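In the two complexes below, chain A is the common chain; its partner is chain B in one and chain C in the other.
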Partner chain A sequence: MSVIIGCVRDGKVFLATDSQRTWGNVVTHAETAFGANVLRMPEGVLVGVACNQAVKRGIAAHPDWFSDLKGEPLTKRHVMERIVPELNRETEELGEIDECAKEQGRSLYNGTILLAQGDRLFCIDGDFSVQRVADYCLIGHGSEYAVPRMRGFYRKELSDGETVTLLGEALSDAAVYSSQSSAPFKLYDTATNETANIGG
Partner chain B sequence: MLIVKDEGTVYIAASTAAVLYCGYMDQASCLLPENLQVWKVPNDDGIVACAAGSGFEGDVFRYDGKLIEGELTKEKLVLETVPKLRRVLGRYGKLDKDGDMQVRCAFAQKDRVFVISTGFCVSEITDCAAYGRNAGRGTSALRIAKEMKPEERILFARRITHENERSPLAFIDTATLTPRIVGVEASGKEETE
Partner chain C sequence: MIIVRENGCIYIAESCFDVTNYGQMEFGLKTENMPICRIPGTRALVAATGERWKPDLDRLRYRHLPFPKELSAHGLHKILPTVEEAIDGIGGLKDGAIRTDLVFAKGGGGFILTGGKTLKEIESLETLGWKSTEYRYAMTLFSELPVVDRLWAAYKLVQQYSGTKLFPILLWDTKTMIPTILEEDEA
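And then the complex of A and B:
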């Protein structure tokens, strides 16, 4: 499970992530869109998926969850009423619900997801709750090591270039301590269809 | 969750602190209206609601105008709202093996407020109540602060029960029906944003 940082900027959202793929004690790096942590969906939606591969493939197989936006902006209501029920069903079918937590009434799926469109960013947490993000959000195994850099140095007044540098540094911080996160790092933004390497 | 009734209006307050299971979100996000644990039920019946303690239970119901409609009564909550809560939360695996949910919900309209416990018992609150961490201390604090204005009373109780927590509170009341943020300065003085 990799680290993904979502950052809301003026008119767009950056999603920065590492590219490591981990299967037990085997580590590779995703060089193709198929294995990436960030999925491009219809209606300009980027989906950052910090989950295992089965859940990621399950989400990738459902662009229909987003195509019915039909030009409307992504809202928390759409996420709660359209996407969360489908995600819940999908993760149940995949057997990705934590059964012990479910017995305690705290049904959790194994992961966290960021949804970005335009200048809007939402986080679907492990308990299926949804938070709209004002400034930034870090998810994934190892994200706690990246928090000090963002919390200590991120300011809205930074330029886009300074922000991208900071995102790369934060991902590097996570890679120092996390066995599931490593360079190269990738940057996606909702304003363009491009993917950039941002250091490491 | 802190509840006060004062001169025909019900005031409900909940924490704005939010923690992700696997991640971190900036603190400004916690103050966005759509993330607050208090909301107006989206219909024309002047009902406000609170689901304190978890983001999911509030999220899954905050857009449902049919969750509770018309005049707010205990009978309606028991016969209509509780079954719906059970059905929806059960579908998402949010009921434990005893069939209990993990949060308390409050619904208020004009001068009446009801709380649904984790075991789905419905109780009407006649004056004030506190739920969550240090609930006994909070209820007592609300009582002894009876002469204060409602918001001051709630903030006083908050200081007593959560001495080291600095995150603001989300307020809603049955007069304005609008969520608002009320913060606590480091000096202990209250200010309204």
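And then the complex of A and C:
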């Protein structure tokens, strides 16, 4: 897994992430679009995926979940009624929900997903609950090491530049203390179609 | 969660302070995340408490339940299969029963579905959740206060003595059907 930080700003959402992917003993660094922790989907939706690769594959295979928006903004209702049931079915078909997870009320194997469009950010938790994020949200293994810096220093009044610097520092904290996370760090935002390097 | 039946309506109050694993705080203040919501197309409220309240209430938040015109145990009994079906869709049932405590309220009355199958009519005071004993005690201490002031004072007292942050508090009533936020520094 990796660390992904979603941060709601005026008119847009930043998704900042490290580039490490980890499967057991295999560690890689994402250079391709599909390898990255953030997928670009139709209707300007960014999907931050901190869960296993099979679930990510399931999401990438379904651009229709997002193209159905047809110009409308992404809402929690759409996430709940369109995406979550399909994600649940897809996850089950991929064999990623076992009996133990069912006993606990379904699970994405402790995975978590961020969906961002415009100035809206949603978090799909491992139990398939959906939260509309008001300010910022950190997911993935290693994110606990990035939380203190965000809690301590994030303010809505920060400029975009200051926010990006803070996101890079928070990712650096995670990379220092967690073997699940490492540089380089990437920044996506919902207002542009660009990906920027923010250090590491 | 504290529920009061008074003045011909039902008041439901719940803490909105919640620190998730993901760094968010007060996420319950976003309308889409609130632990109490209006059943679409009705003047009825549904609230949820318990470990799985978030996913289970999310299954009902946008669903047009065939809610009975007059709230009664018989009427609710008829829609429970629909509720169970919605929650079971994402694996919310355990041994065929809902794990979350659900509150249904409309007009001057309401019911609590607890333990998955037990339906209980709302009395003058109901307290649910892990601090229910403290809530009940605090509410009786301030029984002379008007209901909103009483709820504020009770939450303030429980927060003070339990050391657990509870404010802001979300309050809905079945008369106005408008959510109100009680802040900690209100007098």
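Basically, the second predicted complex is superposed on the first by the 191 of 200 C-alpha atoms of A that agree within 3 Å, B and C clash if a C-alpha of one lies under 4 Å from a C-alpha of the other, contacts with A are read in each partner's own complex, and residues count from 1 in each chain.
We adopt the following convention: contacts are C-beta pairs under 8 Å (C-beta built on N, C-alpha and C of every residue); 3 or more make two chains touch, one makes a residue touch a chain.
Because the structure is a prediction, the values reported are computed rather than measured.
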| item | value |
| --- | --- |
| Chain C versus chain B on the shared chain A, clash or fit after superposition | clash |
| Which superposed partner A:112 touches (first chain B, second chain C, both, neither) | both |
| Touching partner for A:127 - first (chain B), second (chain C), both, neither | both |
| Chain B versus chain C as contact partner of A:52, first or second or both or neither | neither |
| Chain B versus chain C as contact partner of A:141, first or second or both or neither | first |
| A:165 touches, of chain B and chain C: first, second, both or neither? | neither |
| Contact residues of chain A, present in both the chain B and the chain C interface | 76-77, 80-81, 84, 88, 97, 102-103, 105-106, 112, 123, 125, 127-139, 143-144, 147, 150-151 |
| Complex contacts: residues of chain C adjacent to chain A | 20-24, 26-27, 29-33, 52, 54-55, 58-59, 61-62, 89-92, 94, 99 |
| Residue numbers on chain A that touch chain B, as the complex places them | 50, 76-77, 80-81, 84, 88, 97, 102-108, 111-112, 123, 125-141, 143-144, 147, 150-151, 154 |
| Contact set on chain A toward chain C in their complex | 75-77, 80-81, 84-85, 88, 97, 102-103, 105-106, 112, 123, 125, 127-139, 143-144, 147, 150-151 |
| Chain A-facing residues of chain B, complex | 18, 20-26, 28-29, 31-32, 34-35, 54-56, 59-60, 62-63, 89, 91-97, 100-102 |
